[in-house]
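Labels run A, B and C following the written order; every chain starts at residue 1.
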Amino acid sequence: MLGYTITQWLFGILSFLAIMFALMVVFSRNPVNSVLYLVMTFFCIAGHYLLLNAQFLAVVHIVVYAGAIMVLFLFVIMLMDLNQDSEPQRTMVTKIIAGVAGGLMLFVLVGSLKGTEQLNLSSYGSSQIGTVKNLGKVLFSEFLFPFEIASVLLLAAMVGAIMIGKKDIK
Amino acid sequence: MIAFVIYKFIVCVIVFGLSLAVAAYSTWWERKLSALLQDRVGPNRAGPFGLLQPLADGGKMFFKEEIIPNVSNRFLFVLGPSLFMLTALMTGSVIPWGKSFTTDSGSTYSFQITDINIGVLYLFGVVSIGVYGIMIGGWASNNKYALLGAIRASSQMISYEVAMGISVIALIITSGGTLSLSEIVEQQDAGVANIVWQPLGFLIFFICALAETNRAPFDLPECESELVGGYHTEYSSMKLGLFLFAEYINMFISSAIMAAFYFGGYNFPWAHEFYQWIGLHDGSVWISIIGFGAFFTKICIFISVFMWVRWTLPRFRYDQLMHLGWKILLPLSLLNLAITVVVEYFRGNIHF
Amino acid sequence: MQLTNRSKVVSNKVQSGMESMYLPAILKGMMITASHIFKRRPTIRYPEQTRKLSAVYRGLHVLKRDEKGAERCTACGLCALACPAEAITMENAERQKGEESLYREEKYAKVYEINMLRCIFCGLCEEACPKEAIFLTDRIVDTEYEREDFIYGKDKLVEKIDKRIDVSKRQTLEVAEFKKIPGIKHNAVWEGNRIDRKIN
């Protein structure tokens, strides 16, 4: 088909959908719709993971992001009653700050993408790279230290959240 | 290749039809069993023993007036029940319904739609998506009771998924670290059913399954004494039917998962001796069918237990529900995981 | 002061470890519900099975005819007067020549209606009737879709000639004896002389 393989077609369609839904997140007026578009974006990204033979990542992406975190987001947004008329007016200063922050974000992203060119990905290029077994082996041997650091970070965040949530601390 | 595709298509249709048929007859059995437990007669007018009652109920649902509130978000209002039904039906695809059989030409067919090697994770993924149906439907109704019901449903499902997941991790360790459902079931064919090694894990899983399917005593999302109808307050006609129906399909699927995880799925005690005694050799299609019968019997028993619990226990209060989920079941499942690791180390299933 | 020895002292004892596990209690409860599967159903499946009604059951009314098939009712209005629910209405008319086989006496009820939604089936109409014309029977009032259909006219109340309704069981032996007293025989044809009623 037009000189592309099925994988390439899938990649193209998924990328198009992902970017479209991501734009819808930003442009949709209703915050609940935004969250739902974000969920769709996550599904497209999970599809990308599947194309990369990373089934575990794909499913965990859906379970954790679409299934848990986005539900909590939806939760909060549904309870907040965000109408258009209750939306506060943005001043010029906030707009400028937002623009600068966005630009910096873009800068960082472009920089990190440039950096990936030097990475040698071919050593992990087998089709079994994304299975649970291989991922577990890599996580618990080569990348044990960053993995544990991340878990400590999550624990600290959890303790912090409980501290904030508690009404009166004795 | 063509034969394979046709076979898979037929299996898909059978599983789809089976889910719907079992869900339909679950409604009948729910009413009949509740009547039995309460010294009543139950449905007995439509057909013998009221067996045509599901048809009558379905017909009633179809002919009821369809109301979409003006203030609701129309698209999401319709999307909610559809999504709930979709996720309920999707879970059936990874369950191994019977042993795979071999034809004379030597090709093997499995009684399963797809055997992915992360089947357990797939199940969790689909179940976690299932919340969206309720949440979207409840929010789009633009009704405070529906919204409260939806929020109760989603927080309940997220909370109990944690304990459920950890109890399943213990189960996976027991079954030799595989995430494929057919391998989990096959591994019980060689040894004993997983319930022997995982009694506490099964109990936790069962309680969590009750909470995940929004069944009594955890039916807070649709608790009529507080929330009118819960998340489906504003729904009528077949959209309400989809919500109610999907609940029964969820019940069917979770019963199937429990039977497969903890009670050996399509295996039963002395299965091999039995097959030898009636003269069936390995790979025969009859073994698959008898195995499916055993599996289906287990599922029916579990569905009945779900109902039995519903018609015995009173509903929890919401804070009690959260207390049970986070402060009792979660530590218990962690304890179960720790015990499992120690036990499996001494059984020699874990190597460092 | 202790009135009976059945009273129990309220105790707020703390749950023991076994009790706070709840599982034994839950299993006990489930066993109780399961034991009800084997209990006898007290349900009477109505159209096929019917409850045994007593002979003096107060159900749907009947307007009796006499032995020759003439209506007994003379539209005196005593039943309507006695009715506490005001369910009975009637209109009287004079008997014409040639209608002697239809109506027993000169005056008869042209319209006789009982509103079954108002009726409380107390049986006071039966007691008030001096002509033994109205009786309550052991039949049940049918269900209807319209409220109007519950107003029973003569077409539904008067018994059919070929399908007499037996009310003899409502009259005990004592009643039958009582009726033999000439002064009480109000069911007999009026003979022109007023008979003093004596109740012994």
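Keep this in mind: a contact is a pair of C-beta atoms (placed from the backbone, for glycine too) under 8 Å apart; a residue touches a chain by one contact, two chains touch by 3 or more.
Since this is a predicted model, take the numbers as computed values, not measurements.
Q: Pick one for the touching-chains graph, please: line, ring, star, complete, other.
A: Shape of the chain contacts: a line, open at both ends.
Q: If you tally the C-beta contacts, which comes out ahead, A-B or B-C?
A: Greater number of contacting C-beta pairs: A-B.
Q: Counting only Cα atoms for the centres, state how far chain A is from chain C in Å.
A: Centre-to-centre distance between chain A and chain C: 76 Å.
Q: Just curious, how far off is chain B from chain A if you go by their C-alpha centres, in Å?
A: 30
Q: Would you kindly tell me how far, in whole Å, the mean C-alpha position of chain C lies from that of chain B?
A: Each chain reduced to its C-alpha mean, chain B and chain C end up 54 Å apart.
Q: Can you list the chain C residues touching chain B in their complex?
A: 26, 29-30, 32-34, 36-37, 39-43, 45
Q: Spell out the part of chain B that touches chain C in their complex, as residue ranges.
A: Result: residues 36-41, 44, 308-309, 311-313 of chain B touch chain C.
Q: Considering the complex alone, what residue numbers of chain B touch chain A?
A: Residue list for chain B touching chain A: 76, 116-118, 121-122, 124-125, 127-129, 131-132, 135-136, 139, 147, 150-151, 154-155, 158, 161, 177, 179.
Q: In their shared complex, at which residues does chain A touch chain B?
A: Residue positions touching the partner: 32, 36, 39, 55-56, 59-60, 62-63, 66-68, 71-72, 74-75, 78-79, 131-133.
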